[in-house]
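Dropping a structure here in structure tokens format, bear with me for questions.
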Amino acid sequence: MRIAFSSWPEIDARLKSQSPLARTVVVPIGSNEQHGPTGLLGTDWLCPEIIALAAESANEAITVAPTFNIGMAQHHLAFPGTITLRPSTFMAAIGDWVSSLTRHGFERIYFLNGHGGNVASIEAAFAEIYAEWSYADERAPFMLKLRNWWDLPGVTDFCNRMFPEGHGMHATPSEIAVTQAGYPDSIKRASYSPRIAPIGPIRDAHDYRARFPDGRIGSDPDLASPEKGQQIIDKAVPALDADLTAFAAEQQP
Amino acid sequence: MRIAFSSWPEIDARLKSQSPLARTVVVPIGSNEQHGPTGLLGTDWLCPEIIALAAESANEAITVAPTFNIGMAQHHLAFPGTITLRPSTFMAAIGDWVSSLTRHGFERIYFLNGHGGNVASIEAAFAEIYAEWSYADERAPFMLKLRNWWDLPGVTDFCNRMFPEGHGMHATPSEIAVTQAGYPDSIKRASYSPRIAPIGPIRDAHDYRARFPDGRIGSDPDLASPEKGQQIIDKAVPALDADLTAFAAEQQP
Amino acid sequence: MRIAFSSWPEIDARLKSQSPLARTVVVPIGSNEQHGPTGLLGTDWLCPEIIALAAESANEAITVAPTFNIGMAQHHLAFPGTITLRPSTFMAAIGDWVSSLTRHGFERIYFLNGHGGNVASIEAAFAEIYAEWSYADERAPFMLKLRNWWDLPGVTDFCNRMFPEGHGMHATPSEIAVTQAGYPDSIKRASYSPRIAPIGPIRDAHDYRARFPDGRIGSDPDLASPEKGQQIIDKAVPALDADLTAFAAEQQP
Amino acid sequence: MRIAFSSWPEIDARLKSQSPLARTVVVPIGSNEQHGPTGLLGTDWLCPEIIALAAESANEAITVAPTFNIGMAQHHLAFPGTITLRPSTFMAAIGDWVSSLTRHGFERIYFLNGHGGNVASIEAAFAEIYAEWSYADERAPFMLKLRNWWDLPGVTDFCNRMFPEGHGMHATPSEIAVTQAGYPDSIKRASYSPRIAPIGPIRDAHDYRARFPDGRIGSDPDLASPEKGQQIIDKAVPALDADLTAFAAEQQP
Amino acid sequence: MRIAFSSWPEIDARLKSQSPLARTVVVPIGSNEQHGPTGLLGTDWLCPEIIALAAESANEAITVAPTFNIGMAQHHLAFPGTITLRPSTFMAAIGDWVSSLTRHGFERIYFLNGHGGNVASIEAAFAEIYAEWSYADERAPFMLKLRNWWDLPGVTDFCNRMFPEGHGMHATPSEIAVTQAGYPDSIKRASYSPRIAPIGPIRDAHDYRARFPDGRIGSDPDLASPEKGQQIIDKAVPALDADLTAFAAEQQP
Amino acid sequence: MRIAFSSWPEIDARLKSQSPLARTVVVPIGSNEQHGPTGLLGTDWLCPEIIALAAESANEAITVAPTFNIGMAQHHLAFPGTITLRPSTFMAAIGDWVSSLTRHGFERIYFLNGHGGNVASIEAAFAEIYAEWSYADERAPFMLKLRNWWDLPGVTDFCNRMFPEGHGMHATPSEIAVTQAGYPDSIKRASYSPRIAPIGPIRDAHDYRARFPDGRIGSDPDLASPEKGQQIIDKAVPALDADLTAFAAEQQP
């Protein structure tokens, strides 16, 4: 069930249902930022959305929220099309999403993330949210979970075997491939030089662009294909389903 | 050109192009909130997205940003599926979007809005952004514009003629129709009682639900059809194109 | 009863009284900003104060708070004497005023506003205040109302008939006239060129001053007179009284 | 010259004039809070306003801003009619006032304060404002000064001689007397028990009301008279004038 | 008992004990900022730490928190080594410390301060904390106290007698002496010119350095000696013990 | 050189020196939080302080700031003695520290961290700081680095070999051992049951205490000894020195 394409009585019924996933919701969360010469600017929010919606297609008991499509990508700002929130804004927005969803009775909020640069801010946001309960000496009536889609059990190993060389850290062939499978009409090609991009630390936007002139880090996106993308999706979908089921079943200690 | 489905070099080329719309960008902005017994929770962000993408299909010179899908809907929180930002969070996020887009050279940021409840916060956000320049005694190097899609020239008149009775203010047949045209697989039906919903003031969520038990205000969504929705879209698209062109051509005084 | 000129036991007695207006309070709210070559910088906070105090003189059951004299006027900053809050500051301050007044038992807070530029921020502030209750799944124990003085029933029509031409949107003859009636010793005269000021959009302070060199928008303040101002006040006072009475009598649904 | 009762061209001319006080502005600042059984809730903003306007009447070269009438009075909230800002809100608002006034060219902002409870927040606000310049390694192009009206040279000694017993710290006969002189129609009388109120520390509102049941601290307001108030005003006015002149003449080191 | 060098069960036992000081905690608080040519940058946090730990050594019933070592010192930023928080950051941090300590059951939080520049921000922080309770119409279940170490009963008189000339206001011989007693290996010497530093107002960092070129205000630190420092500590320790005991015994009214 | 025990002219000279580490500063950063039945509440700020000061003793060219002793530990709040900042407060404070240190000319700020729970907030703070430069299209004139002391090259391997079983994640024998080496007078002993603590996820404070009743996660602190602690310190010190040297030598791309 996709929240955005449901009516409120449908969500109401879902929340009151006996489904093991009734009060669990998946929030695809990512970023809109450069992904090298050929990667879509939307790559990092499209990937978790593609995987979450594929999982929902396979198992309608999964509830999927609208996609949180702008995250923390300040380091990509020297490349046009990047849109970023400050970490503090991002954290406040995550807090408001959680306040909204838990207000309705969702007890497990599962953020399926598509952008490594989001991780620190999301975890800090979780701590900010929990802190209110911790200071107040009360038990939080919900659980929050962050899962990067590539960290779904088995996925990273699968991608590494698929791309033993040139996977890299940004504009990776695996994320490019997932978007190619999802949006085959938007596949772009270019010559890459060097074939495998350099690696290095991440700081501000100027520093980033000087280190990584075409935006990639350590990757060869030319290895991507829609077929490989579909294989990754097929690997990720049951892993997500299982992960959600386990999360929903988790007991408070 | 859709930013999310473009690569950064494509956006870079667009920004440097001679197109009259080169440095103008449309941000579809809305809300995810209850829309009565049958309206999609995503109605208010789907409508401006549908219209903006239709305009972009008709005129590729239009640049469309990802959709800002969560807005200010605190008053709808008593209906499951509603997700809202606080006005302060919303304003901070709008500020970060604008900082990102103007950083790349966009000089006209056009928010195509789908939710009346967003208007005050968006306008307050604009003032917050401009205030930095005003205090600093500097000219803002960009212009911001808010346009509700129903306020595109000719659209409201068109909708009023189409729905002389039962248009109302929330879960209106016109917005429901637009989503029916865009997503015909998600059309829902229900019996409405009363046929035309009551009207009244908007305050907090409890007050809202007590006044408007099924979520509608003054509307009869049963009047909607995908055909009517398409007619509204067809009316809105050229109006948007013209409005954008005029905005892009506006000179700073 | 004016709060500032009362003692706390007097306010305490008022709150505990059986008066229909016992727990209703009027907050005159405006802005201190340029009003063209002759308008007082205080025009926008003086007008609601003048009207509220006149209403209180006519009906002592009306409780009037001190005047909130600085609002959101960033666009006027290129004219000396303008003082503005950022929207975020303004909203926080409104929140604290409401927290203070409702703490004492006021259940209806009525903001009588004198500045169009305040509207978005005040409405956003209301939503920010209500959001706490909406997230918490609790009914707000008070109601907030914003009323521009010129939107008091009958007043705009009256002013339009009085000034069929040259009323405009800023430094209007009607607001100038109200201050002339209130403070006849501060009437100023000047030659206006053009007689009726231009109109246009409102953005940052530089843009504003370039468009509207003497500060007026669409108005001819020379039409004002203290006699006309008194007529407007006389029109507004009973409208305010009736509006307050209706607000105080409103039932929570 | 009173800003609120001037037009912008008048303020513009003042700022460009050769007067020693041309770029100095007085901001009367206070609080709206209980002042015992008979003191006006507005006492703390009325006193600096009365003194500043008296000084301006005596010397038109003094520029007086609108009165900042709500300050930090959280400890008085258990008494109806008190309105307070949080310190953080208060500080943000002071920052915006200063940004506005210095934007126009005022180089000396003089806060004439009427409420002891404001002092910490005003000083913290000054430090917050200066910190931006200090971090940036730039010289602030303005100076800020806080002066409590009773700390104007000679005033406290004068008040102590006038009220050798029962002056106290809150709802003092001297501040009550100043408002009696300013607003003789609003003089109130009551029996006080005890005649001189108790003293003690200031904490939250409940603690305050328990310690100081009628709101006074250490004072006997019955000693006040409008004549004494006028004497205090007459003492304060030349002291304010001299203090302003010295402040305006201060050189940056 | 020093919290940082205790285990949680030890703090737990202390809180549950019958000691009169069981639920009282001392927080040494200061600043890291220039203290003239020879004073340690840590002077203002070392002094209260030295005194608090000496008191704890003399009376183990005293509970001492870790030292809050960075405060509000924006005016010292033109001297290398100074680290400062903005007042707003400082206030938020004090709020979080208080929320943490009161969460565990501490009912008296005593800030032993070593920096005059901290006073306004700490008092504003207290008001910000209390305001939540005051708005909520609830009694704060704790008391906060600020005490500058030199304001411990008898200490300032003692220092003034010890240094009848050249005590001054910053980099005073008394604070230098206390650090010399505490850290005799870190004593530094220099020639001072002038011997006694100038005095003047405190504004931003540039202004400060121009007025006070070597950082001192009104002081002759050459008068300091470790022996004198020890005498001051010996004077302060019993005064602190008595002050804490009185604070712990204070009853809510 | 320790900043707190230096004078400002000493820091000034250091910053202007030709030392490769002249403009690099180490900030020990940690948390004050429960560390099981025997671990010191200060463990997480003491460990990086011990290691940084040992490195500075070995190489005086290293500049060490005061210790940032309170971090993000909301999950430990159910254990007395824990003091935590909210992530947002923590981030603001880190921002102010960095603004202060870079203002003086430090170009490399190296945070030596002792608390895993700090990592997300510190990284988010870095992004918040960099974002200002990235939005402004300017190169940040400094570099920030976060290093957990156990991630210094070779240290984790060394600890794992030393404690092949029972190392765990919180109240680990390695961190306990480091504090035992640093503060042998504060060694505490207790019986642990179970000997090796359980493991699990980290959420709010109630959840944490229910899962980890004595505060440990996966560890057996009884394995610690001061001798082992000294070995760890001896391993970490040269690693820190080398890491700092490499950081200081890093060129901006």
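Details
By written order: A, B, C, D, E and F. Residues from 1 in each chain.
As a convention for this text, a residue touches a chain if its C-beta (ideal position, glycine included) is under 8 Å from a C-beta of that chain, and two chains touch if they have at least 3 such contacts.
It should be emphasised that the depicted structure is a prediction, and the values quoted were computed from it without experimental measurement.
Common neighbours of chain A and chain F (chains touching each): B, E. Listed by label, the chains that touch chain E and also chain F are A, D.
Put simply, the chain farthest from chain A by mean CA position is D. Rounded to whole angstrom, the centroid-to-centroid distance between chain B and chain D, based on C-alpha atoms, equals 47 Å.
Separating the CA-averaged centres of chain A and chain B is a span of 25 Å. Taking each chain's centre as the average of its CA atoms, chain D and chain E sit 30 Å apart.
Shared contact sites, meaning residues of chain D that touch two or more other chains, fall at 77, 84, 86, 88, 100, 103, 134-135, 137.
With chains as nodes and touching pairs as edges, the resulting graph is of another kind, matching none of line, ring, star or complete.
Of all possible chain pairings, those that touch are A-B, A-C, A-E, A-F, B-C, B-D, B-F, C-D, C-E, D-E, D-F, E-F.
Within the complex formed with chain D, the residues of chain C that make contact are 3-12, 15, 32, 34-42, 45-46, 65-70, 77, 79-86, 88-89, 92-93, 95-97, 100-101, 103-105, 183, 186, 188, 190, 215. Listed in rising order, the residues of chain E touching chain A in the complex are 99-100, 103. On the chain A side of its complex with chain F, the touching residues are 72, 74-75, 77-78, 84, 86-88, 91, 117, 119-121, 123-125, 127-128, 130-131, 133-135, 137-140, 143-144, 200, 203-207, 210-211, 252-253. Those residues of chain E lying in contact with chain C across their complex are 134-135, 137.
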